[in-house]
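Would you mind keeping the following structure in view while I ask a few things?
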Amino acid sequence: MSINNELVTVNFGPQHPSMHGVFRMRVTLDGESIVDIEPVFGYLHRGTEKLAEERTYVQIVTLTDRLDYVASMSNNLAYVSAVEKLCDIEVPKRASYIRVIVAELQRIASHLMATGFLLQDLGAFGTPLMYCFREREKILDMFETLCGARITLSYMRPGGVFQDTPDEFWGQLDSFMGTISDQISELESLITGNEIVLSRTRNIGILKPEEVINGSLSGPMLRASRVKWDLRKANPYEVYDELDFDIPIGATGDTFDRYLIRVKEMRESIKIINQCVSLIKPGPVRNEDVPLVIRAPENEAYAAVEGPKGELGFYLVSDGGISPYRCKIRAPSFMNLSLLREMAIGTKVGDLIVNFGSIDIVLGEVDR
Amino acid sequence: MTKIADNQIVIKLLPKDLSEQTYISDKHLYVKPEFIYELCKELQNNPETQYNYLKSISAVDYIEYFEIVYHLDSLINNSSLVLKTKLFGRSKLSVKSVTSLWKGAELQEREIWDLMGIYFEDHPNMKRILLWEGFEGHPLRKDFIK
Amino acid sequence: MSFNQLNKFMGDLLPFLPDSLLFIMSGIFMAAGICTTLIGIGSVYTWFERRVLAKFQSRIGPNRWGPFGLLQPIADAVKLMLKEDIIPRTADKLVFIAAPIIFLATTLMVYSFIPLGEDSQLGGGNVALLFVLGITSINALTVFMAGWASKNKYAILGSIRAVAMLISYEVPMAVSLMGVVMMSESLSLVGITKSQSTIPYILIQPLGAMTFMIAAIAEMSRAPFDMVESESELIGGYITEYAGMKFAAFQLSEFLAPIFTSAFFTVLFLGGDSGFSFIPGIFWFSIKTFIVTCILLWFRSTWPRLRIDQIMGFAWKVLMPAAILNTLLIGLEIVFIGENYLLQIIINFLAASLFIYFIANVLGQKRLVLEKPVPSELANMDANR
């Protein structure tokens, strides 16, 4: 007697509780095992690159907020670095320090989101997620003090930042830095040694170093697979070359390593912020020579920063006008999806969700 | 710091049949579109260059021609290279895909086909990615009117 | 008030009616009473569970409607009743409608045998234990009915998971109760309660109690065994297509299940209504049930979900040997040791610890040893320093 199997095609998304937005995967299942998977993109496509061709250089800052909307500071930073490279603009020292502080705060916020939602995908009933959100909320409060917005910040400008930090900001930062280390430890004590988390995430979705480099992955995905590569060290921008921090890497490249890398990076970010706070000195925060309507020389520039999700790059081409001729965004979330098939095929449905959660994508950036 | 590769040196490192197909124009390294795959393969495997990481592929519409820009990175030597190729004409543009060299090119090439209308030969899944099948036109082109 | 008392009271009140009619009438009154009470308790429990979960998660929880949000269940019920009752066009209508009714009915039915106070019991039941085990296994059927009738891929996947899991966990659960039955020499829940008047069985049979607890959590399909619904994977499993009152029926039975499990656990392992001093038995029973419920909530809020193969493996590789070991030990102890409880406690706790240690070392992830990562040679970011 033979048992005939019929393959089932199931749509995961665009409306699905753990699709992190409107991502859609067309999954072919043999029982619980995944035979084939086809990602479907584009449900949040807004044509950011085309819109950028019609706006002035300063106006585009607001468009970048809406890419990776859980880490808009990093997007701002990547974009303004590209403009500064294109037009050769100097940034005052204080502005650089402020940029590094807010970018690292944003990294902590983004990694908290990633960790919380990974655990949510694992089926933990909201508890780790809420712990993460509690801390993220404090960061958002700080951003509110800083620039009045919480999510879409638009804090940076070519040549500096929008305004100097208010005095309350430093108080808030102090109290936040006093507790965040303990809070991360608390979160880790809930997750890191947990038998169920370990059995669900260890040796799941292993990516080899050759594969991740070949697949153009970046950020924690790259570093979890033993590739020690971080733009903050490899190609230091702002003031990162003056700061002392480590680049944590994973041991095997599985889902657990991708979680652990994020936790370790949060701790490194804390180190960086503490150093910046002690090094920052009063001074101007904006290059006054930069006009409101920038007319860039006929040139092109590619600048990238190490965002929370990976290498976020902007490739700007200028024809001498007041808006870029072409603005290409190298979106890390989008690129990190290129190995989704390799990770998913042959695993179970539960693993697919966990693997997908560990990539940590934001749809605003994937579809742009 | 990431070293920005000197285009002259890169050309010298290439074998003769490939270096004849490359030229430097306006400080950028250009290659004839028919040889992009061979050149990328050489740059990836040559022990002197080892550009093992594809940062991004972009396409730029200059009205009379299209430019495809490859941002390559060597994680081993920490150096970067910008490689360009020009495609003349407005329709039936195609160039050989580098997906078999870098898996990371797959999604980006699909995106360029979708938004710029440049077809990549030998791509495993050359379909529209962000827009739906049946969408007319390629919106990132300068002559696209909604 | 027990059924017999009610029957007698009805006879005194309406002496002109025949006995059979009185019997039926008091049965109906009894059933209505139980259902109303339980649905009331279930609604309050939804509020309680949401508030306690919120506390675990450093949130506030429902607090708007009524004092401490106590009226929230009413608002929820009204909202669910007013919702449009959707039946998918391709669904098998009869089965689709029947599933939530059977599900709720079975959940309510099992309560009729729980001995709440000292002598009050809602039904007779010399074989109440078997009855309860039998009724709870109907769950697997109803879940499959719901999933299959919905004609939804998520629902079918969820119900296939449910059948596989519920049937597997049925076995260790039943075997883990063997020890209790052997010691109390009774299948009736009243008898089991009475036999624990000196010492609750959780002390004598720690392994059995543990096995039963875990298997019961799986039977209710709550975290960490909630892959039947597994919101983050299958959206809702078998309840994906349900809306309105049918959904409410599923939700209500799901909220009643932990209360029942706690009550059942209290009867089997915590000595039911036995306590000390003049405080009535029903109080002791309630407080024990409450504590077990809180422990279940604690589990739910802490642990993530296991994968399907891990869940099935756990049932057969861990729980089944544990249940058999427990049965074996208790049987041997009854024959050779008799009533020496202290010795039994020592032996059984030792055996339980050894078993857990052994299983953890053989099947577990062992202790988390983080390997020292070796950087790959494919990247060197200090190359041009």
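Every chain is named by a letter (A, B and C) in the order it is written, and numbering of its residues begins at 1.
One rule holds for everything that comes next: a residue touches a chain if its C-beta (ideal position, glycine included) is under 8 Å from a C-beta of that chain, and two chains touch if they have at least 3 such contacts.
What you see is a predicted model, and the numbers here were worked out from it, not measured in a lab.
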Line, ring, star, complete or other: which describes how these chains touch one another? complete
Centroid-based (C-alpha) most distant chain relative to chain A: C
I'd like to verify one number: the distance from the centre of chain A to the centre of chain C, where each centre is the average of its C-alpha atoms, in whole angstrom. 42
When the centre of a chain is set as the mean of its C-alpha atoms, what distance in Å lies between chain A and chain B? 26
Cα-centroid distance, chain B relative to chain C, in whole angstrom: 61
Multi-chain contacts in chain C: which residues touch at least two other chains? 378-382
Would you pick out the residues of chain B that each touch at least 2 other chains? 1-2, 52, 75, 78
Any chance you could list the residues of chain A touching two or more other chains? 213, 227, 229, 234
Chain A residues touching chain B - in the complex, by the definition given at the top: 41-42, 45, 47, 49-50, 211, 213-217, 227, 229, 234-236, 302, 304, 311, 313, 315, 317, 325-326, 328, 330, 334-335, 337-339, 367-368
Quick one: in the complex, what on chain C touches chain A? 53, 56-59, 153-154, 157, 161, 223-224, 226-227, 230-235, 300-310, 364-365, 368, 370-376, 378-382
Along chain B, where are the residues that touch chain A in the complex? 1-2, 52-56, 58, 60-61, 69, 71, 75, 78, 82, 102-108, 115, 129-132, 139-140
With touch defined as at the start, can you tell me which chain B residues reach chain C in the complex? 1-3, 52, 75-79
Provide the residue numbers of chain A that touch chain C in the complex, in ascending order. 8, 10, 16-18, 29, 32, 119-127, 129-131, 134, 190, 192-200, 202, 209-210, 213, 225-230, 233-234, 247, 249-252, 260, 348-351, 353
